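By written order: A, B, C, D, E and F. Residues from 1 in each chain.
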Amino acid sequence: MNKIEAIIRPERVDKVKDALAAGGFAGLNVVNVVGRGTQKGVVYQGRAGEKYTVDMLPKTKLELVVADADTDKAVDIIIAAARTDNIGDGKIFISPVTQVVRVRTGDRGDGAL
Amino acid sequence: MNKIEAIIRPERVDKVKDALAAGGFAGLNVVNVVGRGTQKGVVYQGRAGEKYTVDMLPKTKLELVVADADTDKAVDIIIAAARTDNIGDGKIFISPVTQVVRVRTGDRGDGAL
Amino acid sequence: MNKIEAIIRPERVDKVKDALAAGGFAGLNVVNVVGRGTQKGVVYQGRAGEKYTVDMLPKTKLELVVADADTDKAVDIIIAAARTDNIGDGKIFISPVTQVVRVRTGDRGDGAL
Amino acid sequence: MPEISGGDTAWVLVSAALVLLMTPALGFFYGGMVRHKNVVSLILQTFIIVGVISVSWVLWGYSLAFGPDKWGIIGGLDWVGLRGVGMEAGPYSDTIPHQAFMIFQAMFAIITPALIVGAFAERIKFKTLLIFTVLWSTFVYSPIAHWVWGVGGWLGNYGALDFAGGTVVHISSGVAALAAILVMRKRLGFGRDAMEPHNVPFIVLGAALLWFGWFGFNAGSSLAADGLAANAFVVTNTAAAMGALTWMTMTWCLGGRPSAVGAASGAVAGLVAITPAAGFVGPVSAILIGLGAGAFCYLACRLRAKLKLDDSLDVWGVHGVGGTWGAIATGLFATAAIGGTDGLFYGNTSQLWTQLAAVGVTWAFSFTMTIIILKVLDWTVGLTVNEEEENRGLDLSQHGEAGYRL
Amino acid sequence: MPEISGGDTAWVLVSAALVLLMTPALGFFYGGMVRHKNVVSLILQTFIIVGVISVSWVLWGYSLAFGPDKWGIIGGLDWVGLRGVGMEAGPYSDTIPHQAFMIFQAMFAIITPALIVGAFAERIKFKTLLIFTVLWSTFVYSPIAHWVWGVGGWLGNYGALDFAGGTVVHISSGVAALAAILVMRKRLGFGRDAMEPHNVPFIVLGAALLWFGWFGFNAGSSLAADGLAANAFVVTNTAAAMGALTWMTMTWCLGGRPSAVGAASGAVAGLVAITPAAGFVGPVSAILIGLGAGAFCYLACRLRAKLKLDDSLDVWGVHGVGGTWGAIATGLFATAAIGGTDGLFYGNTSQLWTQLAAVGVTWAFSFTMTIIILKVLDWTVGLTVNEEEENRGLDLSQHGEAGYRL
Amino acid sequence: MPEISGGDTAWVLVSAALVLLMTPALGFFYGGMVRHKNVVSLILQTFIIVGVISVSWVLWGYSLAFGPDKWGIIGGLDWVGLRGVGMEAGPYSDTIPHQAFMIFQAMFAIITPALIVGAFAERIKFKTLLIFTVLWSTFVYSPIAHWVWGVGGWLGNYGALDFAGGTVVHISSGVAALAAILVMRKRLGFGRDAMEPHNVPFIVLGAALLWFGWFGFNAGSSLAADGLAANAFVVTNTAAAMGALTWMTMTWCLGGRPSAVGAASGAVAGLVAITPAAGFVGPVSAILIGLGAGAFCYLACRLRAKLKLDDSLDVWGVHGVGGTWGAIATGLFATAAIGGTDGLFYGNTSQLWTQLAAVGVTWAFSFTMTIIILKVLDWTVGLTVNEEEENRGLDLSQHGEAGYRL
């Protein structure tokens, strides 16, 4: 199994979530983060007109664990729904998960997903 | 080493935390998330009596890194303390961790846990 | 690639972030957590003078994904900037990442970092 | 000639201050109800309406509403820029400075358009809102205020009773809300997403300050610190209480749990309904008026939801329906022992017809005019923000400010 | 016959409005102190008590407390539904409408049971709270108010001084809190988990609005806009200030750091203690009363914690102890130059005994009656929520509403 | 001898209550503007200043400011501990109790040092702040208040007009802020990190309550419920409104988006500027004064930022510059028809020079004295917290309290 961590624009969360559900990926977690990427930061005007470069911008991180075979499909769904073609669209990271357990039943393995 | 990520009911966090401590697992992190699982969502009545299905419910995620040999023990403790036998009890994910460093000393490896 | 998760003191986040940027590590995410470690907890006085031991303390988690070759460099930068030599300085965990995707372009691999 | 009375002047000035506070209070009542990404927008919209109308009222609004009458339908321009509105008594009271009356009325002129913003919350363009406020206040509020309260106004002459603004303030704004949502698109995701309040304490804070300020609104409308003011104060409190109890009980029985938002909304509904009646009815009637307000307004909001109308914060359900019920209830419960006029239950049938006529006229006028104003704005500056802006939230997209950084 | 005075009426109406605001303010003071999962419950509990008592006071509470005396212990039912309580002056003041007095007193009747909710915060069943409020107000508050303030009430006749409610409001509620926590189970995790305030700004907001409203409470109790009102105003402010400074200093010396919650609590303690004394003592005495209040109440809260009593928000420590100290201090610091009666330090020993007797009677009566009422509720509807509900928080489990969605 | 007037007394007591509320309101205005880790510190600092000055004013502050004059520059110690300040009328008004005047003035003495805390927010040591407050109030505020308002005070005798505290309150505190930031180090990360407001609703809540309270501040300064009070009320509201509109428009034009913080700041700027003028100018002048306030103060804040001065919350830009503009504007727009004195635009050139002189004196005195006091504190207790404490935030490091636990 793989864990997909997708860091996307907050305003695209609903769209991505719905697209994933439509693609059969119900399970996921969402958490708000602040992130910095290769984008140089947004120039921002303070209360008194002074200029700041804010490099840490609010992003939303989606985490979902999927079976190996489904990984590419899920990633493609996320990209399709999250992409605006502008800098700051975000990143997706994939890492291995060795075991999954359903708390309610104690079941393990792919079936517990 | 393994990372255990347990997504559980917020009202069970204290119980799980205490049980882990009793089992010798002091170190852990807690973060609030909202999550969606196979449960179909909760039907909810809005201010004006209209019905909504809210599919993203507040959950709490526990993260702890443990030695390989302790993994099953920790998982069992979590299940025992978090389980209510109702839908929405949550999931546990296990993934490999290759290195751990203690910031204060720079120590690495199992001993730094 | 590796994912570095560094759990550090909140008051050191800015210093660590700046040091990482100076070292060429732009991309990262920050999220607030509460954590418990081997430190025994802080004794705290309640409103009416009663004593509590609070074992869960606020920490900040930095997440960054880096190429394999850069991992040690990044870890060293973090340690140098986060260390106060007191209990509670935090931990760093390293785990494998198998793939990274840039949402804006769909690019994969190290180049997408 | 009676002199300026210190007691009356103190009371009216305090009342004006209390009513001023109601508009920012409304900002919290509304701001707590929207999603967190729009809290700044609601709070700013109400706050800046205080700014806009405070100035326009001094410049022309007061003159149009209360200035020397023209044909029963509008005040003249004689008092533009407050020329002749001075520190001595004016035509509306012998015992308080004319300026005190003017500023007390200013606060009513301020809160009325502010009430409407709840209808198109979370999607209106800020610039459009500002223009709408000026136009609506000038072409809807000032005329209605003149008809009902201005010396020579035709509805007042006709005998319509409106102690503190059931028609002038609540029906006018509540019906404008209804008109607005018929002209304007719904919020994205309306009917599908849960759009629950993001800050319940703010809602109750707003409601509590509204309740507090409403004593100025209603009891201040006596324009004197006398027995009538005391009566208005008592019935105001009683109806608010009963409205809160009723609405909360409705959410308990029909929704399963007693809701804080329901209690707060019910208090406001009770306050709305007692507004026209405050100088005409006694405390036991106030209990019934509050009961009716809680029940009717709650049901109106459910109806609105059923009809899939996106009156974001139920302005029509609370102010339109509550104001209408209050105006009718005045025709039912008024007693000559308190305000000099009897209602239906005290044997005077005709007053009820007068009240219904005033209600009908106000509905029709406010509805029509609001549609016209918004249509014009739709063709010119546009009404709502675009999809991207709405998704990000108005706070960031319109004002560049996040509500909270916690 | 003296006429209604505009100045006095304005002052008493404003004061009533100020005291009304105190109860929602209390909701914020309390709501900020609990954990975030119970903020709605505290804010709603206090808010809805405004609703409940506003209505019951009009229907029967006022008559029982202030109506024509029966045997010195209770008012008759003559004024039920406010029959005969009109726009003219009544027996309690010649210069203000009877209704103004009635509604001013209503606000006291409202806040008193609201104070008690702090004791069983975070665990009471909502339905139980509502029933308790009605019973307690009817069988505890109205009698005590009659004894002390009603025409013919025996404690007033006996010579007990209580300018604005040290016994009637604060001892009665503070002792009821003590009784309640002896009958009711503790919160889950009490004594083990940190249950620190979730929103310190709300606590200070509540305290600030309480302070503001307390000017109406104390200075309004003069029932006239006169020198006595000014004196009450001054000593109220002074004692509040000194209470805040003292409690904060205690947290600094004994706890290591000056605490904002401590400053806010100390201000409230000072306000409580000056309440019975406000019309009898001067400003320098007020400094000492505030000093005592800050110190005694802080120590009482520490004692409470030591004894492992779960008075969640220290109602007994602040209102019970503060009210008791204030009642005694009135017997010490009263001076005939201000309120017509001397206390111990001005040579009149007997007043102190009178005060102590009144304190004792109030403690005993409130304690016993509260135990009885709660025992009955325990056997019938039950007192507290179950474990699962408490863990989720009362907001979601009792009201289906989350305080914040940020 | 005229008697105490109920109307005037009611009005002044209400005004005192309103002004009391302004200081905690300021706590929210400031507290919302800082980062979340310092919200408790700002709210506590303003709250405890209410405590500190309430007591010191009773003990010696009032006597120094308003007591029997010594050489035109200070009040004597005759009224220490309020000896002789009683329930009858005093030298400052024939129609209200002397204590009412005293406590009304106390509220001004309280808010003035509280205004200054915005300058060194997020870095001052709490203990230092307390000592500074006592010293500054005694050696800066009391003298200036005496000069301008005390019987026999030299600036008042000289003819300087200051209706409600443009020089006494706003210039004195705004210039002290400027002095303070020249003596004190900047916040860590100033000029590099974004230090944006953490809670915009709190800012607007604070501004709204300030606006509300300011009616007491300005209209209460008439010391009577009369036409002059009504005029002051009207121009206060008008200038606040215009200030809000102007500043918000400036942020729109120069910053790209209409800002809620800007609207709130502009309202405060307008209120500051109208303060000295409120009893001397009419509503149309108030519009111009508010316009000037919004524009000048906004530009002053930009200048401050350009100069890299770390006046954390722009106390100088708003109160120093706004107060100066108001004092000058009084010399321009005053009309004898309202306050008995004409300004430049009504043909009286000399008044402008008098105003400028008063402004200059106040700037020089406050600036010098503040520098001296802070230098002494720097050498003794130290001014700012250390780096580690500042990074953690003052809430935890100074007070051991987290603002929010959500």
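To be clear about the criterion, contacts are C-beta pairs under 8 Å (C-beta built on N, C-alpha and C of every residue); 3 or more make two chains touch, one makes a residue touch a chain.
Small disclaimer: the values here were computed from a predicted structure and weren't measured.
When you check each chain against chain A and chain D, which touch both of them?
Correct list: B, F.
Could you compare the number of C-beta pairs in contact for B-E with that for D-F and name the larger?
Pair with more contacting C-beta pairs, B-E versus D-F: D-F.
With over half of the numbers shared counting as same, classify the chain A/chain B interface as same or different.
Different, since under half the interface numbering is common to both chains.
Taking each chain's centre as the mean position of its Cα atoms, how many Å separate chain C from chain F?
Computed value for the inter-centroid distance: 44 Å.
Between chain A and chain F, what distance separates the C-alpha centroids? Give it in angstrom.
That pair's centroid distance is 49 Å.
Rounded to the nearest whole Å, what is the centre-to-centre distance of chain E and chain F, using the mean of the C-alpha atoms as each centre?
Taking the mean C-alpha position of each chain, the two centres sit 33 Å apart.
Can you list every residue of chain A that touches 2 or more other chains, as numbers and ranges?
Within chain A, residues 31, 44-45, 95-96 contact more than one other chain.
Please list all residues of chain E that touch 2 or more other chains.
5-8, 10-11, 14, 193, 196-197, 199, 255-256, 259, 261, 400, 404, 406
Can you tell me, using the touch rule above, whether these chains form a line, ring, star, complete graph or other shape?
Here the contact pattern is something else, fitting no line, ring, star or complete shape.
For each chain, which other chains does it touch, given as pairs?
A-B, A-C, A-D, A-F, B-C, B-D, B-E, C-E, C-F, D-E, D-F, E-F
Spell out the residues on chain E that touch chain D in their complex, using ranges where they run on.
4-11, 13-14, 16-17, 20-21, 24-25, 27-28, 31, 39-40, 43-44, 47-48, 50-52, 54-55, 58-59, 81-82, 86-88, 96-97, 99-100, 102-103, 106, 126, 199, 202, 395, 398-406
Of all residues in chain A, which touch chain C in the complex?
2, 6-8, 31-38, 55-56, 59, 61, 75, 78-79, 82-96
Report the residues of chain C in contact with chain A in the complex, numbered from low to high.
Interface residues on chain C, with respect to chain A: 3, 17, 21, 26-31, 63, 65, 95-104, 106, 112.
Help me check something: in the complex, which residues belonging to chain A touch chain F?
The touching residues are 44-50, 52, 54.
Show which residues of chain C lie in contact with chain F when the two form their complex.
10-12, 14, 44-45
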